[in-house]
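Data first, discussion second: the structure below is written as structure tokens.
First chain written, first letter: the chains are A, B and C, and each begins at residue 1.
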Amino acid sequence: MSLLSISVKPNRFTAWVLSWFLFAAGISLYFYTAQKRHQENPDDRVVPTLAQLGAGLYQAAMNPDADEEPASDAAGQSALERFRSGMLWKDTVASARRFFYGLALLFPAVLLGLHMGLFPYFGTFFLRFILFFDKIIALSVLPILFIAFGIDELSKVMLIVIGVTPTIILDTFNLTKSVPPEQIVKGFTLGARDFDVAYRVVLKRIWPRVLNSIRLNLKPLMLFLFAGEMIASTDGLAYRIALLRRHMGMNIIIPYVLWVALLLFLVDLTMRLLNKRLHPWFREA
Amino acid sequence: MKLRPTLLFSVVAALCLPLAAQKPAFTVGWSVYVGWNPYYYMAKSGIMQKWADKYGITIKVQRFDYAPSLEAFVAKNIEACAMTNMEALDMPAAAGIDTTAIIVGDYSNGNDAVLTRNGVTFKNLPGKKLLLVEKTVSQYLFERGMAMNGMESQIKRVHLVNTSDSDIAAAFIADTSHEAVVTWKPLVSQILKTPGVTNIFNSSQIPGEILDLTVVRTDVLNRADGSGQKFAKALTGAWYETMGLMSAKGADKVLAAIAEGSQDSLQSYKEQLSTTHMLFTPQAALQLATSPEMKQKMTLVKTFCFNHGLLGESTKSMDEVAIRYPDGTVEGKADRIRLRFEKAYMQAASDGKL
Amino acid sequence: MVPGSITERASAPAMLDAEPAADLLIRLENIHVSYELADGSRKKVLDGIDLDIRRGEFVSVIGRTGCGKSTLLRLVLGAETPTEGRVLADGREVVRPDRDRGYVPQKYSLFPDKSVIDNITFGPEVEQFSLLTRFTPGFYGRRREFRAEAMRQLRRMGLHESDANKYPDQLSGGMQQRVAIAQALVMKPKILLMDEAFSALDPGTRAGMQKLIRQVWRETHTTVLFVTHNIAEAIHLGTRIVVLAKDGADSCGSKVALDLTVPSDLDEEFAKIAGRVEAAAGHSRLDEDE
């Protein structure tokens, strides 16, 4: 049977090898290119070698930002202390704080979508406007954003919120609307009041899908966070990348990019496991 | 039959194509800035074409945003580029690309400025936030301003907020809790329209330190067939012809055409020119390029770049990125020359030998 | 000849006046239901329905597909309002679904996010404990009671204790409907509304469910409104059969075409005849549907 047909069943070993193949190919290609470029020009900064990447990662992780005032007891710090005062950790904490504020503000959005889907007056009041607002590209109205929220932490979190909440609201609204009406009627016939139906019947039931929707929006959330940090910031992962771009510090940028990918992966994984644990009855992945 | 003429034509055309492509082709990249906007006019008016034809080469004039132009130059996608002396050190030179500055076009004479509101001065800046594009001439200007006001030791106590140049004007105007900003024209002019904002320091107080250059990759200049040198000559010739037109009588027409390239008005462009010390003649350029002051100022710039890791994180000392001056003196290790100032082409222009 | 007679009569208000008012549970007065179509024309679903349901009746509502029998049920349920006319329950107008009228739909009858036992305790818990009081210590004590009662209902429906912690998607169709009935009955509603509740089940399971609901009705004396399109099921289960049909073209609404009482000894007569047939055929037990 042809390898490319639908009916084949790859064995586990083959599947494992295949799934890592592109990684291996990409990494080999990268290091081959790096080596070639460095032969021509030992000072090349665009495609750093493994040693340079390692050095860049170590420096970012262990040394503080060059523009900051050095800690008074810098000499006597342990490895962990150095890591915690290093550039990478401080940038991570700064970005993570904004990320989680933005994430937390998604939950009121879920409630809004829920109420819009269930309570007709609520729905007609908000739906048209949110459909419109969803189409406004937040980045293009930055001057208005600055006037309303300044350019510090609040505006960065608000940029995330404005960018991502309409999607979450509309998604939750649709999920609410797709609950079979028999279920809602059932709720009433069992003595539930309006809010009971909203929270104990509908929300409980759509919650795993809502969590999946939020998981899917983690990347856009990160994108807006990055946009905010690249526009005006004093710290953060994207801030650092923007700075390093100015003089092609790829030996630090590449580790940063991989670090961000790892963090995003971990957040997504945590949410997926949490979803599974909280909602064992939910069959779709 | 009918097919034959078409066939004959195609064959002849196909044979001609390689001939046409055999002319050496070069690209010069530029971005919107008062000192580099003349490139737009050079392309549009046909001056560049004229000089390219004179030397039997093809020159393409390509517009970029500033950072992408630097990246294209480092990636060897373009052979020449307009950039400041600071970027020439940070980007190509520190990345190991031997670069030669063949034209010193101008220096910023007030185009870059430090603006504050509420009467903030350098003395009370420590502890406050400063909006700027970090690791650029803006930060250099700020540090020079602090140094010249005796506040060098307090530089690190100012909180720098890295703000992208496309939003810095809107951000400073809208958010009044930020009291200081460093940027360049025309953003400076926009911001100064806001009441209560003053210009406390600008590049006219550090003349000659922020230079605008046209640089070419040294390996291009050294090409065996001499085409690189032809390229440099054509560029220089076209440049000074344009400079001549800009400084002659009735230059307004030319200036208006240049301003058009960046969607600017003639008035606005002239206003920017007023704070730019253009070196309109090759003689003026030569004088600056061969002066001892220039060496001192380049050292200041290089020190700044080194202190901020802009010469490369792993660069251990300033000498690793060496500069060669027109008189042959080298600052740094002789085997690590990465940036050269070449007067030959400006000299040729001055002597009328182009 | 089948002894007993099938009396055919249209619903006559005069007859009903003779009965005590307390016996009257549901009254539909001059019900018209129509709605507007996309092209602006009006489609009539129910055209002048008058119906009374007395306590303790098992009313089978039957008709072709699209004849409006589900609409009728939904009117009694309170999920739909008539274009003209009123629906009264115990003398009060029905405006929304509530705990007095239990509901077993054909599909989506259970909450998928709750286990079987939680589905059944849902009603009692929700009725007595609001979102706020749900987290008071008093709740956890009562919950034990609710769960005990739920287990009793489960067993009465023929389910096993091991099924209590399963989720609805782990149960077969028949078992799900059993739980749905238990869930509705635990609230002791005045009337149980069943909308084609067995139509999605296979014939074997269906027969079992029919036995079950008849038994439950006898035991609890709940009033039942049972919508189906299966004639045999309607006659076998109901004490009264209401047939809805359109009077003419498709665009007309349905009226009550027939409203007759099923003889109470129908089952006995059926069993007698079945016994005689069995005996005559010479098998000890004829093949029965499960």
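Here is the rule we use: contacts are C-beta pairs under 8 Å (C-beta built on N, C-alpha and C of every residue); 3 or more make two chains touch, one makes a residue touch a chain.
Predicted model only: the values in this text are computed from it and were never measured.
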| item | value |
| --- | --- |
| Set of chains whose contacts include both chain B and chain A | none |
| Chains most often in contact, by C-beta pairs | A-B |
| Innermost chain, where centres are averages of C-alpha coordinates | A |
| Whole-Å gap separating chain A and chain B, where each centre is the average of the chain's CA atoms | 38 |
| Inter-chain centre distance, chain B versus chain C - centres from mean C-alpha coordinates, in Å | 85 |
| Whole-Å gap between the CA centroids of chain A and chain C | 50 |
| Residues of chain A defined as touching chain B within the complex | 41-46, 52, 55-56, 59, 66-69, 142-143, 146-147, 150-152, 230-234, 239, 242-243, 245-249, 251-252 |
| Partner chain A, residues of chain C touching it in the complex | 77-79, 96-99, 101-103, 105, 107-109, 111-114, 122-124, 126-127, 130-131, 167, 169, 183-184, 187, 189 |
| Residues of chain B defined as touching chain A within the complex | 67, 71, 74-75, 90-91, 94-97, 129, 131, 133-136, 156-157, 159-164, 167-168, 170-171, 174-175, 177-178, 307-310, 312-314, 338 |
| Complex contacts: residues of chain A adjacent to chain C | 180-183, 185-193, 195-196, 199-201, 204-205, 207, 279-283 |
